[in-house]
């Protein structure tokens, strides 16, 4: 049987526009906090894994070199994991397998991004190949617009219903962000505000989409031995899953989205989850776009295909609902891309250890963390639970 | 309110020279001749467009070339009318996923041939499921934009 | 006791400028490794690729582009940045964890589609301090080389001898594109780059793609009758600020120590039979000898003078020609591993060393003056 691995502590920066600090200092802020949270010190760390979005985002390549000191990684074993937007969860997976392999007792995982120092849309376009796709996809919004259209058409969901459900989601998450001291966007929004906000790429409006954020997140993974020694509640890794579709956006169905469905299934199987809506207490889904968020609910088996808007409008996924989604405010309110996936893991860990403060879901014991990357290409999932 | 310090404004521009290789050379040369080529996988029998040298699912070489119809069905579209640094296409423009007749995957390209300046009007013209047909550029050079756009039929 | 992991098959391509499409090349290499192992991509447990955006033809999120040819569509996979031996280590750990029985490890770097190495490595520099000064790997190496020679009295001829040895060894390597019989004088007379380095002492820009299939002990014995075991590995990262570092006492010592401990090696100069190490700058091979424990500090020059590390010597180093002959930046570490694999299995053709190779050391490095090192021990 594989070794048990736990998240024993987390640290995050105050995400947002952080022109008050240099990029290395931003990274350091999260790292200092995770050591404070766990009571461990750098000398306890057996390995460090870090990652971020493309080097062109901030114009520095091989950032693990630049941040050696900031991560307290000097003299340490190191790995560098990068998978576009899903980087944060892939980093968590790396730390998990590292401890699970027996090659480390304690691994520090760090994800970071300083988006205000770059041009995110211009950078994201360079993800596309220069022969073909780069001409047609203007950053992320166009892709997600097409994806939601495909979904709405396939299941004959009335435009109004989807529009209302997406707005409902936006209102819910913006409200939750007030209860998260680290969240970036803290703005009171109403359904009308969302529906009247500036169009980005139809039907997606400004309040349907994530911000650009600066931020970093640091999470410490440890073996059962260390977890027990620390004597505090920890979040056990119950399941992990990851899949990637083809590079060409047109090659796969992004509604019955295989990479999302199978990544979740791999994690559910490992965790022994059969009915995610019932068994999960919290889902920190990667949700930069309200419309797309509903497609994730369906692909993760929270409801049948085409039914997510109905459940959203009934409050099933709200803070007091059957399965609260992103009580942290989610990616919609905070998106430092290289850190975002890891923040989902950190938030899930905080929930199941009762350390989520004002946005704690009472009694949460089992949580899902998820990140997506590329042009609707990659999906990574991690399930965390309070029981071994 | 935390104190803000100076910032450094800088741009990074790097030169690259990327190889087409045999398959894509043939595909792009085809565009010069107003032909859209796909390749059929001998195992799953899917026709993939643009033409591929291998099937990403079956992981076998695909060397059966198929001249694909330049007409198809609009599967999804989106309207872009904002700017960012280094955009290759002048906004406003419409991007679409098109299932060209006889193929098994969607082809990404522009939709055009009508006034794009007003989104309301555009959304009246475009509906998923309509037929579209390629309109070729006068001057073609073996480039994806040898197809100017796909026009609603 | 962690599960044993072996390499069961390998494939690679390389050269200077093939004018082939990246996709097509990557697919061929991956398919070859899978076919040689007799395993389909659906059956492989997971895929770990290695590529860096800065070395990837101007295409960011490298894994998004190369996912298809890496055989990873709808498979569990991940990507390591900067160092392809990271992918080897990560793939091995996934198997050691018990969650997978096999892993496909892929390294991809098409140098012909990238800017010059110096342009790319300049991008490792922070924008405020290092970059305006033009600090890139060549400049950092030149500083380190000056210190190395001044401190220990290593001579320029001794440094050049590394290039002489490796470029001659490369004659037997079809993937190496910088090769030939040179004298130390000719190496030193080649175009000066950053003093004291000359052009032939600096690795070129190259294409290289590598694919390896890793397997647990049980699976390895099913897939091949000659598995090559991963007996140990270690990585280590040095400080970033170059002025803070001791450039002659770097982190290679730590990376090697970790690998040696895992592999049960206490006397490397005796127990290692062959080494494939990454020497982007000729003098660094001498410095790496010392930090790997092949000789004492400052003794690297003597080691090469004595011919110990020649192809026919007691401890052959870089019979493939090493990085000086062929340098696809990100994938180069895996090419070192592949050479060691072939040498252990006596499949290295005209590059095959005469002495028996039971245990080989594989090394990769990246960053200014070797800021980061990875060591892997392979054995029969």
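By written order: A, B and C. Residues from 1 in each chain.
Operating definition for what follows: a contact is a pair of C-beta atoms (placed from the backbone, for glycine too) under 8 Å apart; a residue touches a chain by one contact, two chains touch by 3 or more.
Computed from a prediction, not measured in an experiment: that's the story for all the values here.
Closest to the protein's overall CA centre, chain by chain, comes A. Of the two interfaces, A-C and B-C, the higher number of touching C-beta pairs belongs to A-C.
Using CA-based centroids throughout, the chain positioned farthest away from subunit A is C. For the pair subunit A and subunit B, the distance between mean C-alpha positions equals 29 Å. Subunit C has its Cα centroid 33 Å from the Cα centroid of subunit A.
Subunit B and subunit C have Cα centroids separated by 38 Å. Touching two or more other chains at once are residues 56, 59, 130, 246-247 of subunit A.
Multi-chain contact residues of subunit B (touching two or more other chains) are listed as 10, 12, 16, 18, 20, 24, 56-57.
Multi-chain contact residues, meaning those touching two or more other chains, occur in subunit C at positions 57-58, 68, 73-74, 120, 123, 127. For subunit B in complex with subunit C, the residues that touch the partner chain are 8, 10, 12, 14-24, 53-54, 56-57, 59. Remark: subunit A residues 19-20, 56, 59, 119, 121-122, 125, 130-139, 141-143, 145-147, 149-150, 153, 199-202, 246-251 touch subunit B in the complex.
If you check the complex, the residues on subunit C that touch subunit B are 18-25, 27, 31, 34, 40-41, 57-58, 68-69, 71, 73-74, 110, 112-115, 119-120, 123, 127-128. Across the complex, subunit A is touched by residues 2, 52-54, 57-68, 72-83, 86, 89-90, 92-94, 96-99, 120, 123-127, 234-241, 251, 254-255, 258, 366-368, 371-372 of subunit C. By the touch criterion given at the top, residues 1-3, 48, 51, 53-56, 59-62, 64-69, 73-84, 90, 93-94, 97-98, 100-103, 123-124, 126-130, 241-247, 258-259, 262, 266, 373-375, 377-378 of subunit A touch subunit C in their complex.
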